[in-house]
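Here it is: the structure, laid out below.
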Amino acid sequence: MSLHLADRATPSPAMAAVKPEIIVEGITHSYQTGRGPVLALKDIDLSIAPGRFVGLVGPSGCGKSSLLMMMAGLTRPSEGRVIVRDAPVTSPAPDRIGVVFQESSLLPWRTALENVAFPLKLRGVPRAEREAKAEQLLHLVGLKGFENRHPHELSGGMKQRVAIARGFCQDPPVLLMDEPFAALDEQTRMTLGDELLRIWDQHRKTVVFVTHGLTEAVYLCDEVVVLSGRPGEVLARIEIDLPRPRTWEMMATEHFGRLRERIWSLIRTQS
Amino acid sequence: MSTGRTRGAVALAQAAIVLSLFLLWEAASRLGWADARLLPPPSLVLPRAAALLSDLVFLGHLWITVQEVLLAAVIAVPLGVGIGLTLAESPYLGLAFKPFFHFVAAVPKSVFLPVFILLFGIGFGQKVAFGVFQALFVLVIATAAAVAAVPEELLRLARANGATRRQIWAEIHWNAMLPLILEGLRLGMIFNIAGVIFAEMYVSRAGLGQRFTSWGESFQMPELFAGVLIAAGLSIIVNETLRALERRAGAWRVA
Amino acid sequence: MSAATSLPSAGGARISPIALRWLCLAVLLVLWEIAPRAGWVHGVILATPSATLMGGLAEWDLFAAALAFTFGEIVVSLAIAYGIGGTLGLLIGLSPFGRRAALPLLSSFYALPLVVIYPVMTAWFGIGPASKVWFASLYGVFPVILATAAGVQLVDTRLILMARAQGARIWPMMTEVIVPAALPAVISGLRVGGALVTVGVVVAEMLASTDGIGFLITQNRTMFRTPQVYFGILVVLVLAGTLDTLISRLERRASRWRPRQDDSHE
């Protein structure tokens, strides 16, 4: 299945000289169901340069979330491996890889501050130190003053800000985000998208961002990896050559529209 | 998501657990881990239970207990359901008296047994009255809850379609309420049986409980264990039958 | 009972339901006091509230000693029931096999009239406190196991995934995620377990004992000292009520982080 778009395995020429931050090598994954094995992912090879904001899109059920879970070390692929910064990923490595999930990943019985400090608590960092750092991070995501609120007192957008702050807590070079804004309304999504870009700009992490939203993908990312329907294969890697910092006016440009259309036409053929 | 096969596997596993417990019991008794006089092995207890079930004297006692339980149920169920319906139909009465029933239900009712003895003596009637007392409150609460559980939208739908009161009752109320009332019935029977047997153990001239007390006092352990197994077996039959009915009635419910 | 029987139809002036309830209780209380005095009921069957209190308080030292004895048995039984029940519930709740096979068995066992086990306990342990403790622990352990297992099942799997992503090992996973999430359900199990332990101890003491409130009640009954019987029952009710209030206060504190849920069950 060859397309004239960027060759799946090699990164774009400008990046070839730099050592990749994330390498996904030959991942093929199948799982058992009552009716026999199902092939979920096939021959996924990706190489992501440091500091890139990469989107991962595809039709529903194409395995993009599963792929992300493998990158996070939460699932083992049937075949293949993930390498982050020269070290293979076999189990969660929160100091190297931060993960932000959809809503509801905050401990409901802890305050926002305690939730952000949670990873540090697991590392045994003393209370004063970790809460100071957590306070800093909450300030960074714009939640100053909400430290002692419990999740049920926070809106969906605020909860995700807390989740993002937590993701930054151990300052991992890689940040994996699994449809973090999916459960939010569109306005909040756009605001948080800008927030995320602002923070990302200050601490250039390598981000892999799974989403269903094509507009979101084009707006936020440096490049978008399109997966096919099950079994998920890399269909294309589309470079988003919009200038940074991104602005909402760009969404109205023809270029933006064409990029979106390219992605959509690829996905559309998959269903 | 249990297919027929998984349910069969589970039943098998459960049977295996029960069987291994019996085997453990047998081993403990025979191998001397426990004193065989205090813990007679199943190989002794089970034949004794069979013997009891063919002994007319024992059956006489068992029959008395069964009659007490049944009579208590026959009184408690209409009474409990009736009161529950009244409390549910009238918000005024419900607000006034439902907390009272909740309160008594939460209280250790067994401690009132001496009052029943003072009131009714130690005969058949007292056991029945006590059984009714034990079962009544959970029935009232379950019935009231059942009425509250009828989905409002369905009632509106029926009325919008011009259904008569009787039709609404038969089609909607009955089906929606049945599982919860059956659950109340099951719990009520548990309290009923336990209450009657306790009353018989406490002071009685006849009945299953009286036999237990007498066997315990004279250290007739095989008979005691046999009696316990019989009582357990009968209770399980009652409980599981009602649970099966409850499940059938509630099959349309999601979880 | 005049105010209660005349229920006016909609439109008439009514007293509030709460007032009605208290009115009925007050009327009952008054009747309770009058009936034996007026000879409607024999004093041996029904002791007036005043006689109950006076008769009981006159022998308060006896009751207090018995209460202390019973309380001790309850505390030990609670420790055993909670400890074993909590641990077993946790293990069973975490294991899929346990959940599917063992839980239904336990719940069937729970439905048995466990009171029939007590003669076995007395045969094994005598009629001292040991038999009460073993019996009451057995009585109370089932709801704790069932509630704990249920609570563990309620834990949001997404939280577990998140904690794993943060590199949580098994012990922090338990203390930070599973136990706090299961806690409200567990505590309601503790409440039922506590009530059953109390009943178990008192029932056992009533049946065969050397001391304790249940024993005192039985003793007074056989001697037809009715006011003391009623007083004993009252003491048991207060004991059970106090324990329940303590635990429900704990329950409220453990659920403080939850958004207000409108559960008008109890």
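Per-chain numbering from 1; labels A, B and C assigned in written order.
In the analysis below, contacts are C-beta pairs under 8 Å (C-beta built on N, C-alpha and C of every residue); 3 or more make two chains touch, one makes a residue touch a chain.
As the structure is a prediction and not an experimental result, all values here were calculated from the model.
Engineer: Which chain has its C-alpha centroid at the greatest distance from the C-alpha centroid of subunit B?
Structural biologist: A
Engineer: Determine which of the two chain pairs, A-C or B-C, is joined by the larger number of C-beta pairs in contact.
Structural biologist: Here the pair linked by more C-beta pairs in contact is B-C.
Engineer: What chain lies closest to the overall centre, CA atoms only?
Structural biologist: The chain sitting closest to the overall C-alpha centre is C.
Engineer: I'd like the Å distance between the centres of subunit A and subunit B, where a centre is the mean of that chain's Cα atoms.
Structural biologist: Taking the mean C-alpha position of each chain, the two centres sit 55 Å apart.
Engineer: Which whole number of Å gives the spacing of the CA centres of subunit A and subunit C?
Structural biologist: A distance of 51 Å separates the two centres.
Engineer: How many Å are there between the centre of subunit B and the centre of subunit C, using C-alpha atoms for each centre?
Structural biologist: Chain centroid spacing, subunit B to subunit C, equals 18 Å.
Engineer: Counting only residues that touch at least two other chains, what does the list for subunit A look like?
Structural biologist: In subunit A, no residue touches two or more other chains.
Engineer: Identify all positions of subunit C at which a residue touches two or more other chains, and write them in rising order.
Structural biologist: Residues: none.
Engineer: Pull out every residue in subunit B that's touching 2 or more other chains.
Structural biologist: Counting only residues that touch two or more other chains, subunit B contributes none.
Engineer: Sort out for me which residues of subunit C touch subunit A in the complex.
Structural biologist: So the residues of subunit C touching subunit A come out as 156, 158-159, 161-162, 164-168, 172, 176-177, 180-181, 257-259.
Engineer: Tell me, which parts of subunit C touch subunit B in their complex?
Structural biologist: Contact set of subunit C toward subunit B: 7, 14, 17-18, 20-21, 24, 44-46, 97, 100-102, 104-105, 108, 111-120, 122-124, 195, 198-199, 202-203, 206-207, 214, 217-218, 221, 226, 229-230, 233, 236-237, 240-241, 244, 265-266.
Engineer: Which residues, counting only subunit B, touch subunit C once they are in their complex?
Structural biologist: Against subunit C, the touching part of subunit B is residues 10, 13-14, 17-18, 38, 92-97, 99-100, 102, 106-108, 110-115, 117-119, 145, 186, 190, 193-194, 197-198, 201-202, 209, 212-213, 215-217, 219, 221, 224-225, 227-228, 231-232, 235-236, 239-240.
Engineer: Taking the complex as given, what residues does subunit A use to touch subunit C?
Structural biologist: On the subunit A side, the touching residues are 72, 74, 91-95, 99, 101-102, 104-105, 107-110, 118-119, 121-123, 150, 152.
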